[in-house]
Every structure is written in structure tokens, then in C-alpha cells.
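The structures considered in this document are given below.
Each of the next two complexes has subunit A plus one other chain: subunit B in the first, subunit C in the second.
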Partner chain A sequence: MAFEVPKTAYSGKLRQIKLGSGDKALTVGGETSYSFHLFEGEMPNLPKIAMEVWDSPPEEWPQAALEPFLGVTEDPVLWAKKCIDDYGAEMIALELISTDPNGLNRGAEEAAEVVKKVVEAISVPLIVWGTANQDKDSEVLSKVAELCQGKNLILGPIEEGDHKKIGASAIGYHHTAIASTPIDINLAKQLNILLGNLGVPDEQIIIDPTVSGIGYGIEYVYSVMERIRMASLTQQDEKLQFPVICNISKEVWKTKEVRIPESEDPSLGDARKRGILMEAMSAMVLLLAGADVLVMRHPEAIKLVRGMITDLTAA
Partner chain B sequence: MPLTGIEIFKLLPKTNCSECGVPTCLAFAMSLAAGKAELAACPYVSEEAKVKLSEAAAPPILPVTIGVGERALKIGGETVMFRHEKRFENPPGIALLLTDSMDEKEIDEKLERLKSLKYERVGLTLQPELVAIKDSSGDGGKFEALVKKVVQSTDRGLILMSDSPDNLSVGLKVCADRKPLLYAATKENAERLITLAKENSCPLAVKAPGLEELSQLVTKLTEAGRKDLVLDSGARTVRQAFEDQVIIRSSALNKKFRPLGFPTIVFPAEMTSDPMKEALIASIFVAKYAGIIVLSDLRGESLFPLLVERMNIFTDPQRPLMTKQGIYDIGGPDENSPALITTNFSLTYFIVSGEIESSKVPSHLLVMDTEGLSVMTSWAAGKFVADAIAPFVKKSGIEDKIKHHKLIIPGYIAAEQGGLEEELPGWEILVGPREGAHIPAYLKTWQA
Partner chain C sequence: MIKASPNKKLKVHFDPDNIDIIVEEGENLLKAAISAGVHITASCGGAGTCGTCKVLIKKGEVESTRTEKLSLDEWQQGLRQACQSKVITDLVVSVPVESRLETEVLSQEMKMVSAAGEAEALATGWGFNPPLSKLHLKLPQPSSKDNISDLSRLLRGIKQRYHLSNISVEFEVVKRLPHTLRKNNFKVTATTLVTAIKTKLDKRRPTIINIEPGDTSSKHYSLAFDIGTTTVCGQLLDLNRGRVLAEGVAYNGQISYGQDVITRIAYCQKPGGLKELQQAVVSTINGIIEKLLNQAKVSLKHIGHINVAGNTTMTQILLALEPKYLRLAPYTPIANFIPPVKAKTLGIKVGEQVHLFTFPSVASYVGGDIVSGILGSGVYQRKKLTLFADIGTNGEIVIGNSDWMVTASCSAGPAFEGGGIKHGMVASSGAIEGFEINPENLKPVIYTIGGEKPRGICGSGLINIVAGLLEAGVISQNGKFNTDLSTKRIRRGGDGYEYVLCLAGESQTGKDIVVTEVDIDNLIRAKAAVYAGCQTLSRSVSISCHDFEQVIIAGAFGSNIDIERSITIGLFPEIPADRFIFIGNGSLLGARLASYSTDMLDDARRIARMMTNFELSENVDFMNNYVAALFLPHTDGDAFPQVSQRLKKLPPRHRGKELAF
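Presenting the complex of A and B:
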């Protein structure tokens, strides 16, 4: 019995979508096989990493995560520029933390002005992430969409409950919709259908399966993403053939495991390196399951993951 | 590939003697196919049929055990490409690499970390299982001395690595009773290694450049009667090693290609000299199909996330991880501290306890056994409702720990508030937030 490389019978292909506008616009998606299965398919666009920027200074970040951004966290424009100039960010993800009704509860108008300043100061694609409070996000993200018309922002999270309002703004002002559902392939498909029915073009949808990090249920999203990819590529499920975005950094850096100092529990080792690896490994697991865009925080974690994408696709 | 009842029937004597306890050979074949009978029940089955049937019944990826006793590590035996299709069976063993060119101090420190690094999580102990001892000096005496040292220092499973069959044989004499994995049979030394593995009944690693040569070599070894094999495709670049892992698993499962139906061994230790990168490479192979992952060093900052990832990926998707029922003290609470209740789904527990911790408000957290269901699911299933919660609260012993009689319930089961106040006379039931993320803000307003 002679050895022969077994090939998966792929019948579908992921859509390619364009993110951002101008020279630095990026294309993601287009895979014809499971991620990094280059012996049996193609990944015409390698996964991209967006660097996380907050619109208000973080108060709870562990030292290791804050250190690379000292001096710029008061100003999202400076922060975003630092990510691009110093750390080579190819995308920025602006988290509208300040709009959280349980926090600063900043108004839509004011928040949108900040987004506008950031988008005008940078040329790489900009992801704008709300607080997952549907009423507030409807208000804020719609305003953002209007004020940044034509920039092809990537707007989310858009959930079933607010998809009409934010979806309509995405159509009207031409932005990409982050279709966000809670770790479930059927709900993901349904929201894509709803957005389609509303009139959001297929080229303007990206799936957010809702992610979590190592130790906090990453196995659930891992399997949901694998199932989504399987349905898109081997079962021609057109309503799932979209690229996937994973906003992983927030999830990792809020856990207690990245905070415990080595002095408190020596068996956990160096806290800074541990945090970087928790983020990088979580991102790696998601990449294997089919992530096309990762939102990440620590420059060293990003560097490690970029290196791994390069190595996994090396000629 | 399992045979159908009809295929099995063709291999049976077809005498309908009924001595197997079933009236006809066909009925017996059907029972065999369904796994309800043993072939041994048929007194007249031919040797040829026995071989064919046992081959057909063998799992597509054979399980291999390394080591003995409590530390015996089982790898392989996998049946699916994707964990959602069923589950992954045997987590890859994590091995620490020691070579006889390292100085005494380095070896001692690495062994010490191997022994001391372990983590308790949801009632499981996470730790590395193996030591790979490598002859890199080419000196049999040095290799033997290192094997001796390791054997005396730890009872973990062993991998003996040498290019020289003579040195392997010397090292093996010191630890044959531990049934180490011998690394590795190659085209050049296959005969010697077959003999060595056979005489000591040890599992044997097989190394060849590329999958084609590897398949041929494995065929040779299996024909010589070796069944406990571990595969090394020789790849030391990340891309090739990853693709080989996928192709090996897929060949065995999807093509029923026997020569590749064994667990694998991968060497992140030999793919980079950067420890952070090495850890990240290892994280790929935890998810994608390694049987053994060999690391150059064990450090808490990389070992901990790796072991937790491994636990996550190898969790049975049908059976949620559960936390033990009981009262968990967070941040050193006293009799005036708040008491909260949640379910024992491990994720629920991790999130709730993490949020309480970050609130810096010392608290008592009551974790109730809901068979691993989350708050909303267990509530919907009638397992996390007033009738069930009240007896648990009474028996939990929380009344001895707090002076106030206030219990905070998750916002999602607010509907149980009235029922609970009825079932727990004298208690005030407070409705907490729905989302874990809002717990810190809620607790900061706590007054006993």
C-alpha cells in the first residue's frame, strides 16, 4: 500500500472582503482550504492583526500590557500612531470603552468625534468596537458610521438585537459589518442571513463568533470556528463563507492568570512573559481554527504570532 | 475500518453449529459487527479469519503506552480530525529534553522544575509527563550516567534518544523496567532497534525523512511484529511539521492507511532557540495532532498556558468541565462579607470568581452542583431553582460563616427571588447582575 497525500474534498471557498480604504486597505478571506493546509489549498490573504486602542485611558490593565503604550493612552490618536509607527500595526481596533453605560457613559456625538479624529490621522483600516450594549451601540455606531462615511470602517459588534439600526448605517455609509453571535454556528448563520435580508452586501460582512482565551472556554469557540469553516468549505454553506474576526486581547488580559505576580505563585513564572504567551497562544489556537483578523494588544505577542504565520506559510 | 456484518459472515465457518450461543453464523456476525460478541466464542474460526478480523477491529490510530505504573502515559488512539466530531482521546505528553552535554547544574535545575511545576485546575492536576534523555556526546558512559541520574531523580516516563544502538542499549539497561520509548529506529539501524525493543518490550520511535520513507520503514517494523510505534517525520520546520501532523492523522483516519496509524512525536525544542517561540510552536501541536511534544525547558510562564490549552482542547465536548460543589473563599472574607451563589460549570466558576477577585471585595462564593450546566441552562432545566437551591444553601454551612442572612443570586435567575425567600425563612435574597463583568461594580456597593 503506497503512501499518498490525502486531500480533503473542498467544494466551497471563502469570500474575500476589503477592509479600509485607500493605499493601506487590506483584503482578507478567500481561503480554499482549512487554515494553513497549504498542501491542499490556498490562503491568498494571510491573517491580519489589528492593534487594540482604547478611547479612554485603561485603568485595570496589568503593567505588562500597559508598558508598551506609556505616555499615549490618554490620547487615542497618539496611541494609534504609536501602534503603526513603532509596532508596525497593519490595522487598528478602536474600543469605545468610554461609551459604556455602566462606565463613563460618553455620548454618541462625542465618541464619534474621537473616532473621526483617529480615522483621519491614520491610513490603515480601522475597526470600531462598541460595548455590546445594544441600545447604546445602536446610537454610537450609527453616529460613527455617519461621521466617517466612505472610510469603510469595520463596525461592531452587531448583534441580532441591533442589527437593523447599525446594519442600515453600514449600508448607507458603506462600512463593513461585524456580525456578532454568542459561540453558536446556527446563530452565526442566522445573523448573516438577517444582515443579507436587510441589504448588507456579502462583501461587507465579517463574522465575530465571540471568543475567549485559554482557560476561559477557548475550546468552545475553537470548535464553533472549525465547524463554520467546515460548513463553508466542504458543505458549500454560502451564508457562512465569510472571514472571521477574533477580538481576543481583551479576553486574555482581563483574566487573573495574567495578573498573578511571580512572587505570589512562583510556579506560574514571569508574569510579563506569561501574559504575552497567554495572548499569543490564544491567538494561535484561533488562527488554526480559521481566524482571518485578530485584535491583539501586546507588541511582543503580536510579533510572535506574525512570526508563526510567516513560518506556517513559508515557501 | 470496521467490517460490516456481511463481511464478517464471509470469514466465518458458516456451519451454524450454534456453539457460540447464537443460532446461526449470520446472527453471530451481526453481533460481532455491533460489538456485542467476542470472536473467541466461535471454536471453529480459522487462523486467517482471526487475523483479518482483528486487523479490521484495530483502531485506525493505535494507542501506545510509555512507562509503567501510575506514570504510564497513553497516547494515540485518536478517532477524529476535529474535536466536535466526537472528542480527542489522549492529550499529548509533554517531555523535557535533557542531553548528556549539559552541565550538572543545568540538568539539576531542569529536573527540579520538571518535578515542582504542576497546577491544580477544576480538580485536575496538570503537569509534564516525560523526560527525553539525549545522547549528544556520543559517549555511552556519559549517556548511561545521565539516564541513571534521571531514573533516580524522577519516576516520570522516559524517552531514550541516541543515534547509536550501542549507546541506547547501554542506557536501556539502566531503565528497562520503566519501559522507555526508544528513539529512534531509522532505515540504517532498524534491525538492531527491532531486537532491542522486542527483547525489552519497549515502545519504539520511528524516524525517516518524509512520510513516504516513514511509511515504508513502519511497514518493515510492523512486519517484524512491532506494534508500539511513535512516528517522527523528521520535519524540523514549523510548516512541514504542521502539515505532516495533519497528513499523518488524515491518512490514518480518512484513508485507513495503516503505516501512519500511530501517535507522533514533535520537537519544538529543535525548531527554534527562542523559548517564547518554542512555546508558541508547542501550542500548535497541542491542537494539531502531536502524541508527544519535546521541549528544551520547562518554565511556569510557558508551561502553564500550554497545559491549560491542552486541558481545554482535550475536554470532551459532550461533558462540560465541573468545579467541585462547596463554598469558595475569595480574598479572605469574614462574617460581614457578601455571599454569592452560582453554578458549577467550570467556565461560570472561573468567570465569577475572577470578577469577584478583581472587585477586591472579599466574598464567599457558593458553588452549587448543577451537573456542569451554566446559570441559564441549569435554571431552564430546573436544576438551579428555589427548590434545589434552598436545601443546598442550608446544608452548605454558609450560615456559620456569615452574620447577615443575605444571599446574592445571579441576575438571570431573578425569578427565583420570591421562591427562595419563602424556602429560606429569615434570608434576604438579593438579585445580582446578569453578566459577570458587572459583578465588581455591584460588589462595591455591598453593605452587610
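Presenting the complex of A and C:
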């Protein structure tokens, strides 16, 4: 008798959601099996990678991370274009670092104008990421939503404490909501229910489970993401059947292990290679756990991850 | 022997009910009594083994056999066991008071347990035989022919009159004996006390704890207490009639030293801390005793006994026993069965003779209060698979039936008793208990205990309020207010958003009474702990909540609890409401029954041995279940299909015009 691969019986299916607008709009989700379990089900939309762009010049990025973007970090529009033109970015994730009340504390109007410039300059979907300061994000992201009406931005992080204000804006101006909770399957589900009660359509929600890189608790993230995927696919938990976004680059590139120059600790080896591998490997782990959208930084790391996706989906 | 021939009709007359009934010859006398509506206690259900259905045949004859339950004396007096007797002639039967009292007490207890008098929520089969007895004696005066010692005279009298031997005597009684006997011509009343025995084979040994001149047997009282972490409840009992004469409740004086048992235990580690806490609760108890005596106009000297049910920590602190090791792994209590102690030595203001009994405990966090609840509600007597939940500062949960029982304890916090709630209070007069909301203008309609002007909110009131606000869409499923609603009832106060239940002009306190977001949060955490505890314990024994044939809820959080609304907030699983029975303060119920019945006292020991404790703190699922339960009604809406359905019908608050743009 021929060998048969044991198969998981799935009863649920992930929702497909559309990101962005126009020709370059993308669709994610729709899986009927665990990620890359193509022998068991389908993955109609491959995971997408958004490239990270900041709205103010980064001051603490390691040299290795800055190199690919030399000359454009002063201008988010140029930066975004470079990501798309030179590195083939399918999406852009604009981090509104400048609005941090503990930093530059730029006002909502000004920040929203920058977002508008970027969104008008590019055609790929745009993720807009606040500072996770609930009061400030409510103000900034609501303004962004209004100013970029109809662009179907992907807005976040939306947390329990600010979900009403930002959620209402997402409904009113038609954007996708990033439902962000601190690494817990129950909290993730609760926020999805609350957004649903508020009136956010199911097609406009994507889950941010909160992630961390290798060495910083990625096992825990993995298990929570895995449980979310199990609940949605094998237990038909409708309130968890949403695609998942993982904002991983920020987490990796701020770690000590990535930032220490080789000169300070030769045993850690080449800093550039180290950073790229840490980012790529963290991203790969998250892809296996069920990430549908990754926010990444280094073009070389992205190349590695794309290679992995191609390998795992080769017929 | 007279042969019974069928179809002959005979008349049986029952005294003192003065009821006649016509029966066929050969009918069982107990059955005849039941059809006549005459109450005769028959604990064993007619098997002839309990001896509680003794009746006196005044005229006529029955066909009956004498079992060991009837002495030859009794047989000769004409006493028969009704269940063992067949009617063969017309009869006049007198039902003795002992056989009636039990029935009366039982039916009263049933009424107290639930308005509907549901037999399924009360222990049955116990005889009315309080551990504390008063024996009135008219002893012969000493003479030259009869000059035995005073004590021998007393014991001889007791043996002759009450058939009691094997009695021990407290030294204090011996000391007072000569004067007391001679004060009223050797007419005295002795008070005896028995303790629980381990097995039915053990011999019970009564102790004479008090001796009074004259006949004081009509003044025969005891006290039952539930010592809760947050609330202390007491009742004054009439042991001649099996009645509650007065009832009192107060917050435990230890509250100011910490809201939960852990902080209390920690406080005991300070120099003098244990003594301070011990005195705090004793002072609460003394306050309640004073109120009870005033209310019932009973004199302190006639209190003979105190029965206390409390969790393990409360019990140990009350007895001034070091609670330190309850808190340290592997969590060991000092003793599961603590011997009786003289109440006065603890500082309780009662007579020197008064002994205080505490209920046996199972583990550090499964104490005498839950044993008492199981005892009172009779869960241990029935085959029905039962979920028993005692909702207090510690939620204690028992699953099982007469064959097995598992138990777990989870920390719910004081919210159910009004603790940690801005305008929370104990469930006494003036507490807001009922709540309705007008869905149009969002104005509340409130009802208070006793119909007085509102003073605050009790636990059951808080449940009703949160359920009402949720179903009206005033709060979201995360317990936060929908601040976009156009009503002045929702406003920003000192503790964030709040809903105004009652304006200053209408309240007893002269201040607005509100429920705050923090209050709602506290209730959500409390209910989540209880629900997660039930869920975790059920899963540990592979039982789904739909398997429960009966759910018994106990708690000191109100005169009643609205089951439907408790399900709405997700405190209890969504199973048919007719399976739920609320018995009020179960701990106090058990303490009371064990004051009425020595059988119950014995059963309490048995129950404590029978329960298997599960440590939720060591269970990995518990925390996960808890976080899932921190939502209204629950993160898993499918577990609450009806509530979820109702909530879905609420209009989204941000669609259409209501959108703030």
C-alpha cells in the first residue's frame, strides 16, 4: 500500500481582505489550511511583505539597516518610491514616528499631510502605523483616515482603548483596521468582536497579535499565532478568521544582538549579515505561524524571505 | 395472629391533627398518614431502620413487629413504628411531638432555602436532635438512706429520666454543683453537648457543660455564624422549636487590614498582627450577637453553643491559629478537624460554658464554609450530577454527587459582596438590588431591599445593573461605557465614566449613587474567576457544563440572584434556568442545620473527607480560561448562544447618522 500523508481536517476558512485601492491593490487571506500546508488545502494569496518607511529620519538605526536607503531617509515620499522602484516593495508601511508625544510630538494635521503626500505618490497599498499612544493615535489616525478617504489604508495599531475613535474613522472613510492586542488569543478575539459591534465590516479587519524577534519571546508569539490559526481553521471561530499582520522589523533591529558592532564583540561576527539574518529568520518563523503581511526593513532580508516563500510554494 | 382479609374498610383517627381517614384493612400506617396529610417524619423512607416514625396507638390494634429501634418500655407503652405497622382495626393514633417537630423544622428550612420550597436544595433525612440539649431534672433530696454524692445523684437522675449513660462532666460544673442543686430543691437543668463522631459505630459521649437551678429548658438557644472574608452573618436559633429568631450581617472588621485572605495572612506575620486580626473579627461577631439578642429579646446567659463555618483562613485566624503555612507551598492547614474551643477564651462575649464548633475543612483554600454549604444543600446525598458554587470573596466550586466530589477555589475578590465597589454595601436594607432600564431614554428604575431610599449597591444589584446596561447597549462587551449616547446619566466622574443610578435628592446618603467603569471592571474580574473556575474544574473531570442536572448557587451577596441576568454577564454557563437553585448563604445554612442535628454534625466530617481538592493555581488552563471570561458574556460567544443573539440585535452605535462626522 502506498504511503499516505496524514492530513489535518479543516472546517474553517480565512476571510480574504483587500488592501489598498486601484491597480496595485492586493488581496490577502483566504487560506483553507495552515501556512504552506499545500498538501492539505489552499493558500490562494501568498503572504505579502511591506517595506518600512519612517516619517522622520531614523537616528538610531544600525549602519547595516541605513545603507540601502542612504539619501532618501529625509523624505518619506522618496524613501517609499525607492523601496518600490529599487527593491520591488509590494506594500509600504509608513511609521508615524514623528508623532510620538515623547519625541518630536508632531501634530495630527501635519502628520496626515505627509501620509497624504506618500499615498498620492505611490500606487501600492499603504500601511500607516501610529505610536501606540492611544490618545495621540486617536487624533492622528482619525485625521489620516479623513484626509486619505477612499484609499483603503491599513490603519493601526488599533487597541481596545482607542478602538472606538479609530474604528469609527475606518468605517466612515473606508480603511482597513489593524486590531492590535498584547499576545493573547482571547484578547485578540475580544477586540475583533468589539470592532464588529462598532460596525467595522469583517472585510476591513486584520489582526496584529504583537510580535517579537528571535531571542525575545518569539516562541510565545508563535504559539499564540498558531492557536489563532487553529481556532479559525479547525474550530470555525469566526471572530478569529482574519488575516494576520506582523510588524517585525522594528523589533529585530532594536535588539542588542543586532546593534552591537563587530568591533565591540568579535565573537558575534559581521554585524550586517547578523542583522539581515535575524530579521529574515524571525520573519520566516512568523510566516510559518500564519503571518499574511510582514513589515520588513532590509532588502536582503526580504529577498531571503521571498526565496523561502517561492521554495515552499513551488509546485 | 389475626389474618388480614381484604376489602374491609377501617377508620383511622390521627391526633392531634384531628383527621380521620378510611383505609382498607392491611394498609400500612405510614402510608395512611401520608394520604391523610398527617406529617410523620420517616427519615429512612419507610425501611424501619431510622425509628423516627414512632406513633402511639391509643385505641385499636396494629399488626407490627418490634425492631431494635423500639425499647421494650416503649413497646409496652403502645408505641409503634408507623412504617412497620398494618392497620387491622379502627384506630386512634397519636403522633408524638418529636415525630412532628422534625417535619415542621424541615418544611421551614425548605421555605428559607427557596421560595418555591424546592426539596432538591436541602439536605434531608436528618433527625431534629441538636448537639446541645437541656435536661430538666427533679432529683430526690439526699437522705440517710440515699446519701450518694451530688454528682452521682445528677448522673443517676439523667440515666433514669433520659436513659443516658457514659456522660462526662466538666470540672466547672462539678464546682458549681452543690450550690446549684440546693438552690431550688434539687430541681435543676443540665446542659449537655455532644461532638461529631467519625463512624456510626463510635459511641457518642455527651458532656455536661452547664448546670442551672430550676427549669430553664424552655430557654434553649444557640448561634450559627458564617465568617466570610468580606461579610460575617449570624443567626440566633431557638433549639426547642428549630427556628431562626433573629439574623444579622456586618462587614468583617478585618477588611481594613486587607481585602483578601492573602493580605490578611501577610498581616498576621507582623508582630501582634494575628492578635489584631483575631480581635477585629471577634469584635464584629460580638456586635452581631448584641444585635441578635436585642432583636429577639433573649438573654445572653441562655446561649449555649456557637457553630461557625468559615474558610480555612478565617477559621484559623478566629481561633488565633498561625495562618502562615496556608499561604506557603504546599499550602497546609493546621488541622482539618479542630476540636471545640471555649468561645469566651477567644474574646467572644458569651457565658463561660459556651463551646464554639468550627466546620471541618478540606484544604487551605477549601474550607469549612464550602463543607457547610454542601452539607446544607444535601449535594452529598443525591445521585444528581450537581455544580455547587459558593460565590464570595473566594469563589468555591464543587462538582459531584453522593458518590464523588471535586472542589476548587478561585479568588473572585469582594465585588459580589459590594466590596471594592464605589457605592457598594452589604445586602441589607436600602441596598439597590433590582434594576431595569428604559431603552428609550436610558433612565433607570431601581428597587431596594426593604423598599427604603437607596443607600448603595449590593452584589446581586451590581449583577442586575451590569446585565441591564449591557442589554441596553449602554456598556460594550468589554464593560466600557458607550460615551456617544446622548444621556446625562452617563458622565465623567472621579473614577472615569460612570452611570447615575440615583440622584442625591432621592438617596439616603444625600449623594448621587453611581456605578463606575472601575466597578464594572471589578465585577467582570470576579465573574471571570468564578466562570473560569467552573470551566477548568469541569474539564478536569471531563464534564461539560451541559451535563449538570442541577446547579446550586450559594452566596451572601443578596436576598436573591437573578439567574438569567447572571448568565447574561457570563457568571454562570448558559444552561436552562430551571436547573438553577439559589439557596442564599449556604455556609450559614449548614451551620444552622448542624446546630439542629447531630446527624448533620457527623455528616460534615464525612463530607470533608469525601472531597478531592484541585489546585487551580497549578492548572495551566485556568489563566487562559480566565482571560477568555474577561468579556461580557464571554469571548466564546458560542458558549452563550442566547445572550449573543440578543446582543447582536442591538444596533451598531456608529452606523449612519450617529457617526460623529
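Please note the rule applied: the second predicted complex is superposed on the first by the 313 of 315 C-alpha atoms of A that agree within 3 Å, B and C clash if a C-alpha of one lies under 4 Å from a C-alpha of the other, contacts with A are read in each partner's own complex, and residues count from 1 in each chain.
Methods note: a contact is a pair of C-beta atoms (placed from the backbone, for glycine too) under 8 Å apart; a residue touches a chain by one contact, two chains touch by 3 or more.
Quick caveat: nothing in here was measured; it's all calculated off a predicted structure.
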Next on the checklist: Based on the shared subunit A superposition, would you classify subunit B and subunit C as clashing or fitting together?
Outcome noted: fit
Next on the checklist: Touch test for A:223: subunit B only (first), subunit C only (second), both, or neither?
Outcome noted: first
Checklist entry - Where does A:276 make contact in the superposed view: on subunit B (first), on subunit C (second), on both, or on neither? => result first
Checklist outcome for this item: Of the two partners subunit B and subunit C, more of subunit A gets touched by chain B
Item to check | subunit B versus subunit C as contact partner of A:44, first or second or both or neither | outcome: neither
Checklist entry - What angle, in steps of 10 degrees, lies at subunit A between subunit B and subunit C when each chain is taken as its C-alpha centre? => result 70
Checklist entry - Who does A:36 touch here: subunit B (first), subunit C (second), both, or neither? => result first
Item to check | Partner chain(s) touched by A:261 [first = subunit B, second = subunit C, both, neither] | outcome: neither
Next on the checklist: Just checking: does A:101 make contact with subunit B only, subunit C only, both, or neither of them? Give me first, second, both or neither.
Outcome noted: neither
Checklist entry - In the superposed arrangement, which partner chain does A:22 touch: subunit B (first), subunit C (second), both, or neither? => result neither
Checklist entry - Counting only touches as set out at the top, which of subunit B and subunit C does A:88 meet: first, second, both, neither? => result neither
Checklist entry - After the two structures are laid over each other on chain A, how near do the C-alpha atoms of subunit B and subunit C get, in Å? => result 7
Item to check | Set intersection of subunit A contacts, subunit C complex versus subunit B complex | outcome: none
Checklist entry - What residues of subunit C sit close enough to touch subunit A in their complex? => result 476-478, 484, 624, 627-628, 630-631, 635, 637, 647, 650, 652-655, 659-661
Checklist entry - Tell me, which parts of subunit A touch subunit C in their complex? => result 146, 160, 164, 167-168, 171-172, 184-187, 189-190, 193-194, 197-199, 239
Item to check | Residue ranges of subunit A touching subunit B (in the complex, touch as defined) | outcome: 1-6, 8, 36-39, 60, 102, 212, 214-219, 222-223, 226-227, 230, 254-257, 262, 266-271, 273-274, 276-278, 280-281, 284-285, 288, 300, 304-305, 307-308, 311-314
Item to check | In the complex with subunit A, residue positions of subunit B that touch it | outcome: 82-84, 116-119, 121, 211-212, 215-216, 237-239, 242-243, 246-247, 250-251, 254-255, 257-260, 276-277, 279-281, 283-284, 287-288, 299-306, 308-309, 312-313, 315, 317, 347, 350-351, 354, 357-358, 438, 441
